Amino acid sequence: MNACIRAIVRTACFYGYGVIGIKNGYKGLVNGAFVPLKVGSVGNIIQRGGTMLGSSRSKEFLTKSGRKRAYEFLKAHRVSHLITLGGDGTFRGASIFSKEFPIKVVGVPCTIDNDIGGTDFCIGFDTAVNTAVECIDRIRDTADSHGRVFVIEVMGRNTGHLALETALAVGAEFVVVPEVKFNLKSLIKKIQAGIDRGKSGSIVIVAEAEEPGRAFPISKSIQKFIRRDVRTSILGHLQRGGSPSGRDRNLASRLGSQAVQCLSGGSRQLMVAIKNEKVVVRALGQGIKIRRRAELSNLKLIHILSV
Amino acid sequence: MNACIRAIVRTACFYGYGVIGIKNGYKGLVNGAFVPLKVGSVGNIIQRGGTMLGSSRSKEFLTKSGRKRAYEFLKAHRVSHLITLGGDGTFRGASIFSKEFPIKVVGVPCTIDNDIGGTDFCIGFDTAVNTAVECIDRIRDTADSHGRVFVIEVMGRNTGHLALETALAVGAEFVVVPEVKFNLKSLIKKIQAGIDRGKSGSIVIVAEAEEPGRAFPISKSIQKFIRRDVRTSILGHLQRGGSPSGRDRNLASRLGSQAVQCLSGGSRQLMVAIKNEKVVVRALGQGIKIRRRAELSNLKLIHILSV
Amino acid sequence: MNACIRAIVRTACFYGYGVIGIKNGYKGLVNGAFVPLKVGSVGNIIQRGGTMLGSSRSKEFLTKSGRKRAYEFLKAHRVSHLITLGGDGTFRGASIFSKEFPIKVVGVPCTIDNDIGGTDFCIGFDTAVNTAVECIDRIRDTADSHGRVFVIEVMGRNTGHLALETALAVGAEFVVVPEVKFNLKSLIKKIQAGIDRGKSGSIVIVAEAEEPGRAFPISKSIQKFIRRDVRTSILGHLQRGGSPSGRDRNLASRLGSQAVQCLSGGSRQLMVAIKNEKVVVRALGQGIKIRRRAELSNLKLIHILSV
Amino acid sequence: MNACIRAIVRTACFYGYGVIGIKNGYKGLVNGAFVPLKVGSVGNIIQRGGTMLGSSRSKEFLTKSGRKRAYEFLKAHRVSHLITLGGDGTFRGASIFSKEFPIKVVGVPCTIDNDIGGTDFCIGFDTAVNTAVECIDRIRDTADSHGRVFVIEVMGRNTGHLALETALAVGAEFVVVPEVKFNLKSLIKKIQAGIDRGKSGSIVIVAEAEEPGRAFPISKSIQKFIRRDVRTSILGHLQRGGSPSGRDRNLASRLGSQAVQCLSGGSRQLMVAIKNEKVVVRALGQGIKIRRRAELSNLKLIHILSV
């Protein structure tokens, strides 16, 4: 997100806008916590994970009175445009807010779940995939040395984007995603086939879905049928943070810059997006109406390539 | 490339084809150096840089007699289809070979130069960007601590793809690419402006263009006008090798698998490619006729974001 | 361990010994599973995590009859010396085996727990620290952005070596180790003091001690007293595997080479070790009699430096 | 160095001292450029490469009048103790300064050259080794794939510490250090033997010695005798910067903290050091009188292990 904040601030300065940064997301908007941002405020942050402005969930912004306070704050500081970075929840908040009050909003899709509609990629997804891949490469060393089955849970909320991309990249034997009914029998068959062919270790990737911990019962089920050590690993917050990949930094730079450039138009609710490698501007509603679907054709590919 | 070799071998096995791997590219084709490849031959390689089959330039394959020997070898082993991985030169060789002899070829675009036509990305490019970014992040630590200007040369042959992507991602002040006439005056002006604004260090990215070493004279020219230490760094072969990024592994897996699947068609000269995030099949000629153009709009973005 | 296997094989070849590698540790010794190892067998493995020979627990080797089978196997192949790589359990097994049968053993201390006596460092420890540090740096990005307390569990069995080294390196606010009675009150006080001073996030490192999962109840206890989100992360198997650090490769190379060089002596039970940066040879018993103590003076340093 | 600055500031605050940070080393001392440092000033820097205070060479501090200005500045701000971080030159400057003016100095050995006497390790060395190893692992991928000889130059000024540690860790075939007369014949013999045995690639590590660029003539000489592509790579500034290793952070924390604790004693010229894994205090002169010798016994080990 820092790369995106940098792009927003510097593009805004380039075009002569003033910018303030709201601390901790909507919480800061409600409480009026902000920092003035200038060209120099965002120096030397492009390579850093996390966000210099902080992030937080705000219960108050979910209420009308909370949003009113947010609007009063913006009005008092003569702010007329709001650029919001985040996922589904952030976009919904922005949409409601902009309908209620005369503030123009532009959403920038930032979520490792990669499930915002209308864009091919969300900022943070590529880095999360690389981090997960790096971690699982290490685990595979142990899986292979000890002849173990590892069930590894990755993030992704209700979508299998992160799980599918990661599973393909680490050469996993099987992947469990929310979009497809879990079939233990196929899973066991696949792992057993690998063992029969002489494979030393096996990797199963599980998307966390509703809440973390789903990998544990799956491990137990496997252990009943497979005569190998079965271990569980929850990547959890490891997948966030860390220095962003080149691709994510550039996506963030391009989308952030575009977000500023579309402030001058008349539309009140926009989002910036990447489609077919081009930066585009869409109605904000597109981001929330349709959830981006995971590429389920990868399931077959993962199966074929991990024989 | 290993992820791609794995995908080719396993997809081929899945569909019942036999596969052999040619050692050291066209050199091995001419000399008949090969290894039989089975499902197990490509285990545990997806995370490794380089290529298990080796790579080499072959003068003999540039001659008709060399290619004839290559054909005799394939004929003797009843090989009717050839999948070649590489860049411009590899594609040209495949095209000529397939015109001269009854061998069907499929090209898979693999080059960190990212300049093959008809595809949005070549395998290896994303990893090379990430590696360059990681290296330059380290150099920036020194640039900032010591208040220095660093001129850093990256690869990319006659195109600025790698230089532009890297420059944007590291927040470089200036980038020199073959596509645009080099303007020393603008460069000096930009660096001086950064110093005047209080920046501690500056980064200039130079695409190697014709041959390595172009960064040295540029450094010297800068030193004449700027009262700071100016240093040069040639990333060179560091940009190749290393464990591939998640994105590159998946691109390689998808393209490699598709390459096998299009063997059964009637066409004699094909290439696989990624366009708008979809895997597509094209005529091989498309890859070599038009060189993929670098995204020069990034130049302005780099300028705006590094004020 | 691969760097150590390489050193053993190549030093042995240099001095004219023949070498075989036992697969999966004592399990392979009992079952007679081995591979002949030559100079070329250990090429290109120095940079790889895990072990090319595999690793496993063997219940049979814990029995006299199992060890007898192991001895019969070695005798049949005219093997007179055994070099074993591992931790406490491996060393104990070697000691008993060598007392019962005429096989000379040399132990090489390899464990991320770093608790073998008689040596300053065990192979694998430095890499495990670096891996944990890298992972926790990423988590800190989230801790700081979201203003959270993270309780992170690291390995280390009954010792706090890994926890202490990691805690100091990531700037943790508190560390819980088996050597010191856990004091929740101090922990709460420290975290609250940090929050009062304006710290955005806090990190608590917990050594797993008896069995994984100890971090969960500690998190819950903290949550009762601290008005911030408290999250738990278990690093688990992520800390194993991965390309070894330079220091670990060199320690492994030096100890492995020395292990071969001390085969010619008369002693039946030896271990190689690093003391004061010098490679030394000790009686095997030293490695198991006294467990290496963690540097508890680091506790105070961690406290002072994380105010 | 940031980890060390953090340790100094926080230990000083813990014991009730006031601290200011001098910008850009002796240059800032002469010009009176400084920042007040408090507990919060050094938050979130332990994981960052470079130094937050900047670094620079100062010609003025080499003159008596320059040092006088430095003293006047310190006197004006009632500073009585100076902790200096750096290598040989920094230590010499501190020693002269402290003899001329009533300022007590403590030197902390920080140099990737690792050549300060009286200490087993200097801060930064371990990170530089790991960075070089990571880079060369990547280059080896290309060396092996293309069957090339790579001559890679690493830093280290007049000592072979960095070259030797790196060469052993990457499994280099040969290493050229300033301490030993270069023997081209042995080098050629070694590489040729590797090729004859079937090795795909070869790595030669060269310490830069007097000035960068020594690797180029060595490459040329090799090319005359070896029928393989010989390439050169200068790691240069890549070896500096980057997030420090766990070991370096802890060494920096321990030495920095000790530096503050020995301020209260009567001695005027001290250094802190690590000997046999213990933090010790020495006379400053020990750091500069005797240059730390590289471990030349590693030369033989490198030879044996890379057959």
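Structural remarks
For reference, chains read A, B, C and D in written order, and residue numbers begin at 1 within each chain.
Methods note: contacts are C-beta pairs under 8 Å (C-beta built on N, C-alpha and C of every residue); 3 or more make two chains touch, one makes a residue touch a chain.
Bear in mind the structure is a predicted one, so any value in this text is a computation, not a measurement.
Of all chains in the assembly, none touches chain C and also chain D. Ranked by distance of CA centroids from chain B, the top chain is C. Measuring from the averaged C-alpha position of chain A to that of chain C gives a distance of 34 Å. Between the CA-based centres of chain A and chain D the separation comes to 39 Å, rounded to the whole angstrom.
Within chain B, contacts with two or more other chains are made by residues 137, 140, 144.
Two chains count as a pair here when they touch; such pairs are A-B, A-C, B-D, C-D.
On the side of chain D, the complex with chain C involves touching residues 6-7, 10-11, 13-14, 39-40, 43-44, 46-47, 120, 126, 129-130, 132-134, 137, 140, 144, 165-166, 168-171, 197-199, 243, 245-247, 249-250, 253-254, 257, 275-277, 298, 301, 304-307. Residues 24, 48-51, 54-56, 131, 135, 137-142, 144-147, 150, 200, 231, 233-234, 236-238, 240-242 of chain C are the ones touching chain A in the complex.
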